[in-house]
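Chain lettering (A, B, C, D, E and F) follows the sequence in which the chains are written, and residue indices restart at 1 in each chain.
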């Protein structure tokens, strides 16, 4: 799906024992780290490292939608802008949206639209900004998962977080969470996103070649992975607020604003480069 | 006038007996076929084949003009957008308006402005869309003539139809209705459009080289041709509605909407590929 | 600062006696001619020749600012558009603003903002247009100085005129008013603009390499030069209106409109190609 | 495709019908509209097809030109797909650069064709690293009555299948038909509340909560998918939609072949 | 050129005068305003002309560069004409990309020059198929008092006629004057209700119903025409306008020559 | 940087404090905020730096590619600097092409680096007239709390200083660090009424009347200056601001070195 780069060569992506180039098994995720509340100006924010991906998500709103003629008298607009930094890929990307970014922004906006309690905030917009700082395949899943945390950090009332992970096929084997080489030289990529509490699928794209059986295997892997992502998202919010997601969600709508800082911030593990005020 | 293509070579455009490459005499039109009411969504539409030209015209309105600051409190705006499909010419045309299209859109808009009873519909716009699907010189005349039928099909009140045909000069001979080769290698092209009932000239452009006498000969040919186009336009409306143009015009303004389909549609001749619901 | 052209070669910019290529001493200005009231449609205008620069400035306003959402309920917007004609430089410049023009427009707008009595004209804009017709380094200073005269010619109430001149360094010597070669091959360029009556600095930019001492020398030269420009600006207004700037400024705000032409226009010197109605 | 509002009355009517397995135009829930295809409509194009899917009407033209390959695929032709949602086709379409709707549409159509490897792109290489055939699929939407994803995809596939590469005129060999190897068929379903139906008409599409486009090949394998709109699907719904896409795909595929 | 509204009073006044063959500025109906031309105004341009037509004031600069010919005219130079309606010239002009008015204006000026074969384009070929002279006509409108079609055209013709091709500096031979072979003159008339007058001032142009620009050459032959505005002309009116254009063209042509 | 309105109350508070030499965040008037720099943040870039200046947070990435030199500098590399004021960083930033604020910012950062001759551009020539290294400085503003001029400049300098040129991968020799020869430091002061303070926070910047950015090198010499905003400075104020810039520059310079 990451169509920024294609290099034509033959690469052996899996060894005899079914291990992938980076040593993972077919159902294994890359290392993931997520942190909530990393920016000052934004109403909510999150930073995520997922394999070689580094993404930042910020949320503003609900705020007055503008220009005015875009306002929906019945509900908030949920608008996402996915953007890649020029230096986030091997060949410099020209600043500004390309067709790929426009499409990804659209499907992510739609994925969140049914999860946010938009009816509570007519005429407003909830603006989600995803910046890919370093890309390594799977940026839309990472961006979406980070944005979900940023929405919660902003106190935007939601039915649940959204969790996202892709699966794909490499050398005939269905695997979860492809990295860049696997995406470039693999046979299929299938990003999806779910609402973990209900199992609803809010984002689904696919390209490549999957039999019906392979597709089901891929979905099963993605769904399992999304639940693991969900745990990491909840952990991040718990670290940030010392409350559980359940506490947050059960009180919503509306979600109360985070306690201003009466609770001491949790200690940051030493290998963690960024405190709650950094990304 | 069709400046899409120029190929530099010497072409013999007329034989000893004064016949043109395609066998026509100097005052002879290419084969023309026009059909009204070919699209569902548009308020009015027409399809025209004219030599190798294939053009489609659609009309929406009178409808609220937007953006609002463009509204004229005294009359309807008559706005035409002439557009060539990327595949309508030999070398693919990039999508979107080029300078030539902008100019043609402007002169066609102006040609219709004095014919439509615009004062009856303040603050509205009458939007005319012309799509050139296949181009063979004379697309603006074909588009304008088709748009005229589409306006009538939409029930837009008008003083008359507008009929259009170009003349030009090839190898020193003034001829009507140049085809692509004649336009590319000819000496002059002079598209015009008239209001047949009054003889008023509402569009006139020319480039090339004409003496004053030649110009008058060209005008005479174009005016004659436009009257023949006018007959074809009226026939198309008559086939569509089983009423004459006179019936339509004498009742306007405003033109009543076409009878919903109580009248059976006329049979389509077998060589005719498109029924009234196709183009 | 004039980054339109760079040609890499070694040029000797100053001779042994400290004379520059065009014979000037380090503190000498190029020949300057300025004329007020040279355009009909604009509310005020001025034409300036400054060395090889030819610039035209026009002012419209105070007039209703549009689009409306830009209106400032407390004061007039002072907006400048600096533009270079495509033929004003050796290599044709594509029409429309480039990044350099945008920056220059911004700093000139800001330079005038504190000088115009903007509070007297809420919701309006004072629009300043500077057209560079022929460029020879120093166009922003020439444009700004001409615009100042155009503002006075338009009767826009101001605290004072603004006068502008650059200094720079060539072959280690601080000089005033660099020409194109000096700018291209020199070591520094430092355009500035002042309010002569108060000495306030309203525009200051610099690039290159100046020690602190050299900078002060440059500033001293520029300030001296700006006062000479100021005299020329006042002369132009005096020739135009047969009144002194002091007369104009002491009566403002608001400046009365120029006497319609009861006063005979001053004779134009024979070497002067344009009368008060031309540029 | 930014849709007008549908009246509540219409919405209730469509949904009530659908609950009993019926549709306004008489179709069954899993029944697509009639597809008619006219090939070689445009003689200035190297290939073309006019597709009507019910009253949705699109015209697709293929232009071939000689250009450079992408550096990372030096032995392959280049494919470029554009959709113009011209204002002729609907009161909701506006002139101007393509909006997100049109971009998504073009990219989904492109993916179905590209990922199914319909055209053997390696056979469109003229000189490796230097010269390859560039294939432009230009989709002109003429009349909009819903489900552009499928109409545009059928048009693209049918037009490619009728395309002759003008090698002789370009001085690079003999003319040849595009080397078509697979036959992707796109089938789109939408969900209205809890009901799923295939090939939505305009009214149905306007009130849909979620959309899923599935492109399958002649083996029934999945080559591309795209979920759209703000609603969600259950896993079970997705499986049923894929099965429908496989079945409908088998019905429509013969129509796309020349 | 999107004009401000003219007061009804002004409109009535102009029309009443015109009915008796008079105009606000004292001219006869078929009399153009005074044309003054200053050449070589801009030393950074290869050719230039400042034209005043009454109070309408335009500056035209010619830049020459070396570029590639169009594939279909491998032995001919290239001509490109732009008009900038800069906001300095009128409160109704706005900054930004050219609008339809400016595009039409540039194209009509271009056609007059191109179709009259004023410049022998074949003599601007340096190496067939590879290198030719590209000629940019850039028109800067400084002060707008009506009838830009003619003012811009005169500026373009006069500037071209004063242009020296900088071949030496570009390393492609010796400098030479542009090979001018014909002398097109554009003459514009407008119709206000039933009255036709030539070279409209701004007020006249604002209230005009129809406009016709006729470009004739030194033989009185017609090289380009453009009708504009929403009104119409009768055939007889057009013939008279052409005759006026031929006569006025003869008067103005000498002014355009260097 | 088109700022929101600051309340009159806040304005009065900040000014009253400043009159007594104090600031809301406890700094002295001539004291910059804390600068922290993290290098090599982005592995896809050839060099990068994340700079925090107080709570202002910018990420700068350097990309190197091989391209053509400008005709007038055939032996020198090419430098291109862009700033994206992404809407993530502030409610006042909007998506879209760069506005005048962002353009000025990028050009001032660029001038500081270019005019100080920080990088020896002649050593970035590969083949004279044909191939040189092109250096893209892309500045991504993540969190905006005032004074972007200095934060972006520090990011650019620090990122360049950590950049390794990927010559091997491009097949043009061995990798090498960018040849850095000078160390420009940008220091910005603003004036609020009659008080001048260095490195304004967002609130201070919002109410500032005038701004002056001074870039000095390791010798304390001036390499670039830019005055901004609608207010003015006296000559004396400018001299004091330059002296502050020299002193603060000396303090910050070591932080920018790798």
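The definition used in the following text is that contacts are C-beta pairs under 8 Å (C-beta built on N, C-alpha and C of every residue); 3 or more make two chains touch, one makes a residue touch a chain.
Here the structure is a predicted model, which is why all the values come from computation and not from measurement.
K.L.:
Can you list every chain in contact with both chain A and chain F?
P.N.:
Looking at chain F and chain A together, no chain touches each of them.
K.L.:
In contact with chain A and with chain B at once: which chains are those? Just list them.
P.N.:
Chains in contact with chain A as well as chain B: D.
K.L.:
Let me check something: if the centre of a chain is the mean of its CA atoms, which chain is farthest from chain D?
P.N.:
C
K.L.:
Pick from B-E, C-F or C-E: which pair repeats the contacts of A-F, with over half of them the same residue pairs?
P.N.:
Copy of the A-F interface among the listed pairs: C-E.
K.L.:
From the C-alpha centres, identify the chain that is farthest from chain A.
P.N.:
E
K.L.:
Between chain A and chain D, what is the separation of their C-alpha centroids in Å?
P.N.:
28
K.L.:
Using mean C-alpha positions as chain centres, tell me how far chain B is from chain D in Å, no decimals.
P.N.:
31
K.L.:
If you average the CA atoms of chain E and of chain F, how far apart do the two points sit, in angstrom?
P.N.:
48
K.L.:
Hey, what residues on chain C touch two or more of the other chains?
P.N.:
In chain C, no residue touches at least two other chains, as defined above.
K.L.:
By residue number and range, which residues of chain D touch two or more other chains?
P.N.:
Correct list: empty.
K.L.:
Treating touching as the only link between chains, describe the layout with one word: line, ring, star, complete or other.
P.N.:
ring
K.L.:
Going round the ring from chain C toward chain E, what is the chain order?
P.N.:
C, E, B, D, A, F
K.L.:
Tell me, which parts of chain E touch chain B in their complex?
P.N.:
Answer in residue numbers: 70, 72-75, 100-101, 103-104, 106-107, 111, 114-116, 209, 212, 217, 219-235, 238-239, 242-243, 246.
K.L.:
Give the list of chain E residues in touch with chain C in this complex.
P.N.:
These residues of chain E touch chain C: 38, 41-45, 48, 52, 55, 57, 59, 61-63, 65, 82, 84, 86-91, 95, 97, 136, 138, 140, 142-145.
K.L.:
Across the complex, what residues on chain B touch chain D?
P.N.:
It comes out as residues 39-42, 52, 54, 56, 58, 60, 63, 81, 83, 85-92, 95-97, 127, 129, 131, 133-135, 273, 277-279.
K.L.:
Please output the residues of chain C touching chain F within their complex, sorted ascending.
P.N.:
Checking each residue of chain C against chain F gives 5-8, 78, 99-100, 102-103, 105-107, 110, 113-114, 190, 195, 199-212, 215-216, 219, 223.
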